[in-house]
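Following this line, the structures themselves.
Next, two complexes with subunit A in common: one pairs it with subunit B, the other with subunit C.
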Partner chain A sequence: MAPIGVDEWVARQGERAEELPGWRGDAARFFARVGWWPKLAVIGLLGALFPVLSPNDFQLQVGINALLLAMLALGLNISVGWAGLLDLGYIAFYGFGAYGFALLSSQQLHSPDGIHLQAWQSIPMVLIAAAILGLLVGLPSRRLIGDYLAIVTLFFGEVWLEFTTNVATDKLGGPNGIPSIDPIKGFGQQILTLKGYYYFLLVAILVVIASLHLLDQSRTGRAWRAVREDPLAANMMTIPVNRLKLMAFSFGAVVAALAGTIFAASQGGVFPTDFDTPFLILIYAGLILGGSGSIAGAVLGGLVVSVTLEFLRNPTEAGYLFYGMIILTLVARTRPWVKLAGIVVGTVAFGYAAHAIVGAVSSAATAGSPHSGGWVGDLLGNWVIVPANPKNFGNICFVILICALIALVQMKRSTLRTVLLIPVIYLAACVWESRLAVEPSITRQILIGAILIVMMNWRPQGLLGRRRVEVV
Partner chain B sequence: MHFFLQQVVNGLTTGSLYALIALGYSMVYGVLKLLNFAHGDLYMLGAFVGYFVLQWFGGADGLSIPVPLVLLFMFTAAAFSMGGLGMAIERFAYRPLRDAPRIAPLITALGVSFFLENAVLWLFGAQTRIYNTPEFISFKTGIHIGAFSIDIVRIMVIVLSLALMFALREIVNRTTLGKSMRAVAIDREAAEMLGINVDRTIALTFFLGSALAGIAGVMAGLVFNQVYNLIGFVAGLKAFTAAVVGGIGSLPGAVLGGLLIGLAESFAAGYISSTYQNLIVFGVLIVVMLVRPSGLLGHAKIEKV
Partner chain C sequence: MAPLLELDRVGLAFGGLRALHELDLTLNEGEIVSVIGPNGAGKTTVFNLISGVYEPTSGDIRFAGESIVGKLPWQITRLGIARTFQSLRLFLNMTVKENVMAATYGHTKASPPESILRLPRARREERQVNAEAENVLSFFGERLMGYRWDQPAYVLSYANRRRLEIARAMAAKPQLLLLDEPAAGMNPNETLEMTELIGRLRDERGLTILVIEHDMHVVEGISDRVVALDHGEKIAEGTFEQVATHPSVVEAYLGRNPEALAEE
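== the complex of A and B ==
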């Protein structure tokens, strides 16, 4: 929190003074000097290289999902990050895009032939409709602020879910969704492969990033930030606050609907449950992790969250990720090196000691084997405690672990904290091996929730966002 | 006619559950101006605690101690454990964010809610737990007039809710804690300057609100019989709207809103269609929020600078 009664330039004095010295500082300054379009070109090239590595279909699908999440995070960033409006019905725009495209390119409407528009007709139609829907949903934002707006939009999301599930089931398919949607086609061409969709999505996201960047730099972008910081003051400066709020909703809706159309076309079918609240929370997790208010942050957050969660499907890969994260965090956050070495050696020794003692008392208590496969599993065989029936043990340890983590964060004395870190890491490993790695789908969700809580408390500006300076 | 009365009774039962949850929402919103999304999940966890206490004493069909005693234990255990959990959540997730921009605690609350829902799924599994109330509290006891009937469970829910609401009103209006709660709700900084322990007041507010949610969870288990990890989300949503319809921050408003929502829902289900029940309720709520965001008993807030 900045000192009260200073302007932003003065408030950031400390940050400028702390600018990195040495080569890292040089690199950061060089990076800051490069214009935005060379950066974008580099990112586009890197993205285009991915299919050249000849990944299999599953990996391509992971790539498509990651890009979709990044695009959704970009759209959410407009209302949440820039305009400061908490939109919890955002997922409905995504669903609207997908259902709109599905209706215009399948057998659902106008039987018996159905409607089969070309993509260059249907996508703009869906996007325009989404923009209007965004305006309508944004209307409450003229009167409601903060939490009220959040709840109205949340209801909108729920109404959308109920609507697609229960209303007009002959047209919208009810819970069974809409099957056999046409691929994206136009000018005699069709996109039929995953690789094709990947490239289409990549181009789309680059266009979205470029336009959002220009938007951010424009009068509108600056005005949004002014509205976010203080609507009343913005109004005094003759900024049309209501119009800007509506615009934020509308622009976000268009980006989400674009993602929806591509999603529907690449999947070939849409279901109401593709657009439910857990997915909304996933988008939020991506945006918050990357840094709300920053384009690069939204993209990075979306990609990281999506790809990370894919890794969690396979216990062995999830194991690499889990232990890798622990080691990385330790290396990054512990100074000096002696302390780091102490923690690592201590944890290893503690583990073997605990395993030996518990094994000597009761052999059933260590009878289970760690859930991670591969060399990680072999390595951990005599280190973690996994009883023959790991379920209850894992559950109890999980609850203890949460309490221990919270206690650790609250602890003031650093020596005690370092010492206690060792059993906590060990406990985390035990829980992971006996329980978390077993049910990866739930572990994913728990992690998403944890990301939101931890990021908001520890680093609310996200990985790439700029810290907001409160100027009073 | 009896169909109408039946809907009224059903509406009042669910309505008093919503009212209990809404009270917690409203209290927390009053002192912290925070929309605590995790509140609905405390209700869900309360239902689970009640279920486990019931199992501890032998389950629905083999109770080892008298029924009223079991009910007492279920309610007390749920109230105290949820109260404690609510305090813990406030301490670790919301307190560090008290001076952050408004959007930060909201997103944290979303995260807490999501975390709780999935932690419960993970700890207790996805299967639905059945209280099996008819096994130990017969539905035959109660008031029966012709085709119209109120069973004893519903009577108990309504009476107990009313008693709790009355007790809460007394706490807020008569005790020192209630006085400091009202002071913190009006102006936190000024309250702190006058020597009120704001941290303690907020923590106790969370305790009271969460305990009510836990009790409502046990009641929901007794009435609806089914308990699983997602019952909290929609119930929490409706309860929040109940709080808003009544006027957020106003405790009588929360009760009124809860009963209205319960009645609206039961009439929508009874006379229109249960498929569209949620759709209708949500639609009505959106309209109410747009037309009168300050609620029925709330005061329109004038923003001063």
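== the complex of A and C ==
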């Protein structure tokens, strides 16, 4: 056989990947053969099964919020993932959809009767208006790229927030928002239950996914990606770059506005703070975590971020996630197994020893009980150090923990690192039980941040994203 | 017959810097013309002017009798002028086939709603675009065929990337093709292949070609005419032999003969 040059070897990478042996190869080939719509149908069915499991209202609401975030991530993916435009004003389109629907389905306008349109009238009207708004916002932004575009669009987002808070407060309700919005209604029916909204939203998101997939596989989708990859070259290849940027803004605005209308109808009220920058950051977190540029990634990322945040509200459940992540990371990253076993045994032993010593010196120092409830709390009772007054202790330990983590990451010698890992894990458990679990609203922000940091280092392309090569 | 491309006393100045000065250049249909010159002579600037990246500060550029000055790059490409880039500018994270298909945007018309609903026109165009892409890629023999269609462009070897750039430009359906150093970075074998390929582009595809090239073997092998530039001005034009032996060209590349300098 003729020798194969390195270039050829690199170029055959894909060919070799296609010949994956074993069940993984079979699975990959099977998955590639199945078309996109059977996959979508399976996902739709799985989604439809959720209410059948008779969740309570809170769980249904979590499901609705998760689907909303997934839909918003899908819309953001158009401008950010496909066209490569860093749009920080995206949240305004969501707010526009919600306020648009609210105005057309409440007492706010045209008193005393108000306007009460059918949903099949009001939703299309709002979507068309959102498409036009997307074009208008895009117009001054179309010549801007990167940081400059981000700043200008961020300004638009803030303008929207100020507008809804301070302008025409008799119509828009100012900080008090618009109350008592009609439910989604039409053809003599109306949706009144959470379950109904869940199904409505599920159908809507499936339609959005299918539409975006078909669009992605068309000339428009290819042109968007070409604009992202190299605007100058795209311009030279018959693609009117500015026009495609405007289209990306516009399509993203329509998807966001659709989410907004459903949000407004299901909540029955809208407030300016529902459309604030922190929520925009959540949408970005979902998109980036799932994989920017991928439809499946946007959906998964939106669901994961939303559900994780809800999960972190309850200290006990947040504890499962916290300890689960530590254990999973250890199992995934520690080789060989002996080392892993050493770390686990070492951590357990270290904990009991520390607890016993500190308890012997001062009984008040171990008088508190772990904040986690249930079996986790029972298990950790004689292991972690929680003083009678855990606040200061927890704060100090938290700062020490951060310093220790940084030191650990910077450390070069692997044996020393393994040994030091044991007290650091123990310290983390102590901080969690005495301080972090006590304040879930702050802790969940910290944890989401930590998850993002770890994820972006481990898989910069996101869960389902494709690795993007910038310059070769 | 009117020339296909006509540069009429074209000049370009960036403030006080004169990048190009009163350049005249004509291309007849079916011709292959090479532009040579030392680095910084203004060769790529000529390409950027023709393809609409820059607008000339003086003079006029006419394509098929019509002035294209002030038109946007994508409009010029739709008129029938496509180009490749000296420093490759592929859509690296798109597949090989998508790179080619992206360049057919200009001669397809299906609107986004049509594409979403897969209406007849969208389906028909999609089929045509697929067939065109495969046809264009098959022009390069086995190099860009088969499993390579679905690979991202960044896995291609350097020479294949150059080929893919040409394929992408061909998919834009040009009459005039501008090739910016198509043989740069290629080994002698590949260079020879590229020389043949440029000839085939004219003979089989009926393209008129303007090419910038540093490799004199390629220039000799393909050119009907050669234009030499230096310091933004045309210093010689004619057949390869005429230009290659022209004193100003020799001087531009090698400097002046010291004996001749001494005599002055």
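The criterion applied here is as follows: the second predicted complex is superposed on the first by the 432 of 472 C-alpha atoms of A that agree within 3 Å, B and C clash if a C-alpha of one lies under 4 Å from a C-alpha of the other, contacts with A are read in each partner's own complex, and residues count from 1 in each chain.
Methods note: a contact is a pair of C-beta atoms (placed from the backbone, for glycine too) under 8 Å apart; a residue touches a chain by one contact, two chains touch by 3 or more.
Please read these numbers as outputs of a predicted model, since none were measured by experiment.
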Between subunit B and subunit C, whom does A:Gly351 touch in the aligned arrangement: first, second, both, or neither?
neither
Would you check which partner chain A:Ile288 touches, where first means subunit B only, second means subunit C only, and both and neither mean what they say?
first
Subunit B versus subunit C as contact partner of A:Gly449, first or second or both or neither
first
Which of the two partners, first being subunit B and second being subunit C, lies in contact with A:Met247: first, second, both, or neither?
second
Based on the superposed arrangement, let me know which partner A:Ile239 touches: subunit B (first), subunit C (second), both, or neither?
second
Where on subunit A do the contacts with subunit B and the contacts with subunit C coincide?
232, 468
Which positions of subunit C touch subunit A when the two form their complex?
51, 53, 72-74, 77-78, 82-83, 85, 89-94, 98, 101-108, 110, 112, 115-118, 122, 125-126, 129, 147-148, 150-152, 154-160, 168-169, 171-172
Mind pulling up the subunit A residues that touch subunit B in the complex?
1, 80, 84, 86, 88, 140, 143-144, 146-148, 150-152, 154-156, 158-159, 162-163, 166-167, 232, 277-278, 281, 284-285, 288, 395, 398-399, 406, 409-410, 435, 439, 442-443, 445-446, 448-453, 456-457, 460, 468
Enumerate the contact residues on subunit B facing subunit A in the complex.
29, 33-35, 88, 92-93, 96-97, 99-108, 110-119, 121-123, 233-234, 237, 240-241, 244, 275-276, 278-279, 282-283, 285-286, 289-290, 293, 303, 305
Which stretch or stretches of subunit A touch subunit C in the complex?
7-8, 10-11, 13-15, 18, 211, 214-215, 218-223, 225-226, 229-230, 232-241, 247, 251, 466, 468-470, 472
